Amino acid sequence: MDYNVSIDSITVGQQLEGFYVLSEAAVKVTAAGKPFLSAMISDRTGKLPAMVWDYAGPIGAADVGRVVKLRGEVSAYRGSLQITVDKLRLAREDDPYDSASLVPTAPIDQDAALHEIETLIDTIADDDYRRVARTLLTRDLDVFVRIPAAKSVHHAFLHGLLMHTAYMLRIADFLSGLYAEVVDRSLLLCGTLLHDFQKRDEFTFSELGLVTDYSVRGQLLGHLVMGAQEIASVAAELGVPEEKSVLLQHMVLSHHGEPEFGAAVRPMCAEAELLSHIDSIDSRMEIYREALAATPVGAFSERIYALDGRRLFRHE
Amino acid sequence: MDYNVSIDSITVGQQLEGFYVLSEAAVKVTAAGKPFLSAMISDRTGKLPAMVWDYAGPIGAADVGRVVKLRGEVSAYRGSLQITVDKLRLAREDDPYDSASLVPTAPIDQDAALHEIETLIDTIADDDYRRVARTLLTRDLDVFVRIPAAKSVHHAFLHGLLMHTAYMLRIADFLSGLYAEVVDRSLLLCGTLLHDFQKRDEFTFSELGLVTDYSVRGQLLGHLVMGAQEIASVAAELGVPEEKSVLLQHMVLSHHGEPEFGAAVRPMCAEAELLSHIDSIDSRMEIYREALAATPVGAFSERIYALDGRRLFRHE
Amino acid sequence: MDYNVSIDSITVGQQLEGFYVLSEAAVKVTAAGKPFLSAMISDRTGKLPAMVWDYAGPIGAADVGRVVKLRGEVSAYRGSLQITVDKLRLAREDDPYDSASLVPTAPIDQDAALHEIETLIDTIADDDYRRVARTLLTRDLDVFVRIPAAKSVHHAFLHGLLMHTAYMLRIADFLSGLYAEVVDRSLLLCGTLLHDFQKRDEFTFSELGLVTDYSVRGQLLGHLVMGAQEIASVAAELGVPEEKSVLLQHMVLSHHGEPEFGAAVRPMCAEAELLSHIDSIDSRMEIYREALAATPVGAFSERIYALDGRRLFRHE
Amino acid sequence: MDYNVSIDSITVGQQLEGFYVLSEAAVKVTAAGKPFLSAMISDRTGKLPAMVWDYAGPIGAADVGRVVKLRGEVSAYRGSLQITVDKLRLAREDDPYDSASLVPTAPIDQDAALHEIETLIDTIADDDYRRVARTLLTRDLDVFVRIPAAKSVHHAFLHGLLMHTAYMLRIADFLSGLYAEVVDRSLLLCGTLLHDFQKRDEFTFSELGLVTDYSVRGQLLGHLVMGAQEIASVAAELGVPEEKSVLLQHMVLSHHGEPEFGAAVRPMCAEAELLSHIDSIDSRMEIYREALAATPVGAFSERIYALDGRRLFRHE
Amino acid sequence: MDYNVSIDSITVGQQLEGFYVLSEAAVKVTAAGKPFLSAMISDRTGKLPAMVWDYAGPIGAADVGRVVKLRGEVSAYRGSLQITVDKLRLAREDDPYDSASLVPTAPIDQDAALHEIETLIDTIADDDYRRVARTLLTRDLDVFVRIPAAKSVHHAFLHGLLMHTAYMLRIADFLSGLYAEVVDRSLLLCGTLLHDFQKRDEFTFSELGLVTDYSVRGQLLGHLVMGAQEIASVAAELGVPEEKSVLLQHMVLSHHGEPEFGAAVRPMCAEAELLSHIDSIDSRMEIYREALAATPVGAFSERIYALDGRRLFRHE
Amino acid sequence: MDYNVSIDSITVGQQLEGFYVLSEAAVKVTAAGKPFLSAMISDRTGKLPAMVWDYAGPIGAADVGRVVKLRGEVSAYRGSLQITVDKLRLAREDDPYDSASLVPTAPIDQDAALHEIETLIDTIADDDYRRVARTLLTRDLDVFVRIPAAKSVHHAFLHGLLMHTAYMLRIADFLSGLYAEVVDRSLLLCGTLLHDFQKRDEFTFSELGLVTDYSVRGQLLGHLVMGAQEIASVAAELGVPEEKSVLLQHMVLSHHGEPEFGAAVRPMCAEAELLSHIDSIDSRMEIYREALAATPVGAFSERIYALDGRRLFRHE
């Protein structure tokens, strides 16, 4: 019996026991009329089909996204591996599994990233913008540090929003120096910090912290409009002048650049213009990083749908 | 001497005295180095160039949109009429001019229209939606009744928003009966009433009430996002359940239908879908009304830029 | 043995006998070289795979869309139900099956809808438009009352065109009152009645009346151009003045609004403008009705491809 | 006194008498209150402003497009030439002016072009298509030979449609040989002959034969739909089988290729596909011919709006 | 035992031996843990699944595109044919198979086509253009004559580029006569010959000569830019004047017509304009030829994705 | 008499003498038949109309863009200033005028900018990329340092290309550190240096160094394709490996991002993706800088056509 084997190293014939995420699950019926559970299990390294014969519950579709403990044997079916499970239960709070091994996580030092963000925010010269940034960061710190930045495409892992925001703030800091003549650094840094803050309420999350879907509010309003409302409300609380509040809201509302990409309005000040480019750069570099990691040197990636179906080249 | 002649009935040689709107104004200098005022005056029936020789002020560009009293003589210059002014001053508050004759006004009975709107709002069955509608209508009644619905294109006259909203509510009332199976009449009527409410703050207005330009906030946020914020805030005050508030905000945010036409999100419920069609129908019928009034029977109008350059046919 | 069980209530192990529509059919050969019929049967409530072993005909692909009588036993194969048939024949004209239970039907009172349409047509004030409407309605009454309005997407059931037209005429009647200043009610009602008349020849239909495909003429010309030709010809027969005939043709040719949605020309008169909006409203409300019926309260529908992939929200 | 001087050779100080086209005309009033006619005259070589002082009619705006006889003297005003007219009257039917010198004409031998077309039509192998082609050509011969193919852009001169059609038929003849495996030559030649036939009724024409505007029918239906109707009607008269009539109509309806360029349907058979390319080739080569004639060798033309603003290069 | 049976005439139960192309190949493992080869074999008439049980190599995925010799028996699996192979080896150079029977080939007389091209090139009047054409044709003759013009869609068979170029040159020759006033025949013929020359390096090819994929250079630069570079370099070698070299490069760079279809610049001279139309015509006629060959008379083809999903009609 | 007064400080009545650029010039004829020169003169601060009465040459349209010496008196005509010139001649090489006061110049320290670029190029780690960069920079140093980066829109002043490139290299340097995992700094810096190098041959320049127009080669090929050819040729000379040459060419060919913005191919490696964003950022920040300089605080700029007609807000 092998314990908690990572999915990308499983082989035919192995006896397994361990904790995995239940990624898909459906109770079906055989031709002979017997119930069985057809499922998919996953960890941070991959996925594996799992079958539980003569099983009608209690675990089923409603438990997708939760951690299970299972025991079984690996076989090959039509040339692919699968596991036939003989023991299955939901994990308990005190079970000794390691979430970090079960879900993908941002490849960064989280504490360093957060420290860097806080340090940059403290350098915002304008009192009003700094207070808005500080207040919201403090209020939502836990969520901000933990959640992914997306459901898929890029930064769809734990601490994804933290990583995305930290990189973007570094670029914002650099460009506000280069274009100091037209850019208000305080506005740019504050807007960059807050641009995706409402991803928090736009999505719903699984027990382990990954995005499972859009919330009703997220679908009907979108994180741009929701973010602008949160800023309007905090700015009012803090007594920030109207024009500054409006400029911050404008940054969030326009950060997708064009209406066809989801912007509620087009950028009309230099800081909003830069924010939409910085967001685009960091999103795309992460798409490249993830796609090229799965591509051999000298070859082209699969088509990337988020980039209009382009195939990316890995050189060297 | 003729008094307060309407501009569309002025003729060559007339001696005039009266009140008009100063629509354009610029102090220039002749080849001989003498200052003069080159202006345009208007009333609800048209426009006329006006020249004040040997005049350096105090009236000038800053007074555009205000009412003036003038005296002068009408001549023809290059085949067009113009007035050479010998007396000019700004109108005073106690001057006996009639605003209604100076600016275009909606061709409706305002009291009847407002009464009809209020009656319809009272029939909203859902308490929450009715309270939101009632509260906002009461709070902003004066402005709502008075302002145009646009700067140009359609309903760009006094009481234009009242007229536009009244017509749309009638259609909304009718369609919520026809499609009762999928439409919540309360939501549709409330959303229809409020969809353009923030035109109030999106625009700036002249002393006489016409739209002069977009406000800074109007440009940077837009009346859709501003309207959703106002609803969020009033709904919270009144203790309206979150989902109803979100649905109302969604109606306002999506009422332009497509992102390319300014919608912050696409309609996702039947009431929002209908609202965007109703808005489109009433806007276009008013464009037709105004364009066909200036077109002879059996002919095509000028190109209408708001309708992609189409020329409209006046039949019969 | 159970008789004429509706497909949505069939269970494993049932012995069935009854009439169903043969929706798909193909004769295949087993690995052992024996022929069998792999088919799909349907009624107005759903679909079910059917296998006829050791069967080489005469029933096959050419009978798709026809009614069959069959007897067999229901089993489960890979977790889904299917029926193993031991008796199969085509239904005969005198067989006692109920077409209404076999194909989906519009959820309206057909007689009432037709009566309402005829009553509205009789109120058309203009003699010429009324005669064209009356003539075509009388000439094609049977087909008009019976056929679906589409192959799928919306109103793809028996009496679909009747339902679609009846709803649209009600809206047309209402709006011609509201915009009486720019709308010729006679033209709008006549054009609305006739806008989809040539769906009759654009499609081919199964024995039971559902749309099976586009006809050659339907593909090469389209129901807009075909409809305009029919109007031109009837108007000439009836001695209708040229301009009225052209206006009616224009309404039909432009009722899809934009060339990218199939309009041969863009709307250029108020009645054509309204018709394209009314058509759009009624089509979309029916899409909402069908999609929301399959969506739980508080959830979003599947993506609707006819609405650019939007997901619709069912509130309450 | 010089007689019938062509406009491109007029010089300052000349005394002129002759026949010209009245291209623009408006009666205006001087600052002193006196009426005068402000006009533009033209011949096939250019345009010239003309002023008739102390003139209130009878010639005016309603006579635009007609031939006038005038006498006057050429002067320079603000650096440009103009003619001050002292005698002006409409030309009479028996006046000895030469229309060919007054309007632009296709640079082809008309008789040869017509003969070539008729010869090609006679080689159509299919009886039905040949009879349709022959019947329509014979019926409308005079108009077909005379009218321009457009209001501007290309072939906007007398015999323009004849020239355009003759060139296109030559290409159609050549390509039907090259692609004989997929192309029915009879269908392609017949469709090519008839594709623009209804330009006849789509436009209105001046006395001298140039296009002045779109007709009401032309605007509301378009020459594609009108052409398909004409074919449907002639084919029915001649007893042509339905499928052939539909294919011919399809060719005319689809000859603009894409809906955004005005096609009522997209081409779906090889002949329709070729026709849209042939039409595009001949239209563009004529645009090039006209644009390059006005461009020096080694330089680029003005922007050509019909070609998305491209500038064309004249090499050699 | 039957030898080298063409795939479209294979039947159940046949014992086969012969040479085929290995189109797909993957070694898999059965549920029992035994390796097997799951493959697809093809010849110019079709494809057939092939299974080699208890087989782990040496033939596998790396041999896709190569010719194999095999022996086996044909059975039916789930109603489709497949072959169970008992002997399998790669073909050797001296094996007596006929490539022409294994891969699709252009339906033309290659020698005649090449002769026609060379004859036309010899008639190019301009010395410079003729020398460029001659030099490149001579230098790359073998490849030019052999390769397909595409990976799929049209002309994706051996000698496809030869066929495509020969047809296009005939049209170019014809049109340069028709539009002699604006077209330099030498430039048009030379540009037409060379427009796709760099397909040679844009693609990679299998041993049998079909396109397998894009090369790295082909993806990163494209055959338009690569073709222009080749021309620039040869023209410099031959001392061709700069403007002629630039015009030839422009023809190749613009021959896809619009940027959205891959053109690096838009056509700006008459020859480039014609070339893009000629390329479009010949590509589409070949798409029609291939699609209609698979469509019954009186029916519509499958959707053609290269033509925006249109379905093509086969008449007669 | 005042000497070399800058145009933005000229006043009515001044007697002027000095050197200016002749921006527009046309010889015309008065109503009395006398020739005169209607011209526009400019320096780096603005423009002024100039009239030379009784003047027929030798200076005229052919001298536009050259420096002239003139003497005259300033008057006001229709409220605007103009100068009536009594002496006019072309400037001679030894005339003591200061070009820097006559044409707009980049607001940077040119030597510092060049030094920074050269220092960055020296830090390119890859020998091949560094040699290509060094070779081209050395070969074209004078032109690179001097020319504008555009004809208008942004960086349309002397040393514009130097400024644009220096800013972009700084961003490239910064981002290659931030995304070191996916970015080859050597490739990114080399590609950034060379991306606009061929603006040199894409444009023609006036004597003073501003862009006057596109060259024939620039129009027919574009600076992207021309730049890729130059790199291919230099890389071959220097023996750079094929893949590196192709990657550099790809960077230049794709730096406009999308085909609709002029890219010959879409970016397919991380460095090309970044380059297109960096180019976009620096172009837009310069557009903002120039537009906001002409906009009062708290107001919106004129519509910026290079930004789809957006109006930009100047806050603070």
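By written order: A, B, C, D, E and F. Residues from 1 in each chain.
Assume contacts are C-beta pairs under 8 Å (C-beta built on N, C-alpha and C of every residue); 3 or more make two chains touch, one makes a residue touch a chain.
Note that the structure is a prediction, hence the values are computed from the model and not measured.
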{"item": "Any chain that touches subunit B and subunit A", "value": "C, F"}
{"item": "Equivalent-chain rotation between subunit C and subunit A, CA atoms, steps of 5 degrees", "value": "120"}
{"item": "Cα-centroid distance, subunit A relative to subunit D, in whole angstrom", "value": "62"}
{"item": "Where subunit D and subunit E are represented by their mean Cα positions, the distance between them in whole Å", "value": "44"}
{"item": "Subunit F: positions in contact with at least two other chains", "value": "216, 219-220, 243, 247, 268-269, 300, 311, 313"}
{"item": "Touching pairs among all chains present in the structure", "value": "A-B, A-C, A-E, A-F, B-C, B-D, B-F, C-D, C-E, D-E, D-F, E-F"}
{"item": "Contact footprint of subunit D on subunit F as seen in their complex", "value": "28-33, 38, 216, 219-220"}
{"item": "Interface residues, subunit E side, partner subunit D - complex", "value": "167, 170-171, 174-175, 178-179, 181-184, 187, 243, 247, 266-270, 273-274, 277, 280-281, 284-285, 288-289, 292, 300, 308, 310-316"}
{"item": "Partner subunit D, residues of subunit C touching it in the complex", "value": "216-217, 219-222, 224-225, 228-229, 232, 242-243, 246-247, 249-250, 253, 259-260, 262, 264-265, 268-269"}
{"item": "Subunit D residues within the subunit F interface of the complex", "value": "12-13, 75-79, 298, 300, 311, 313"}
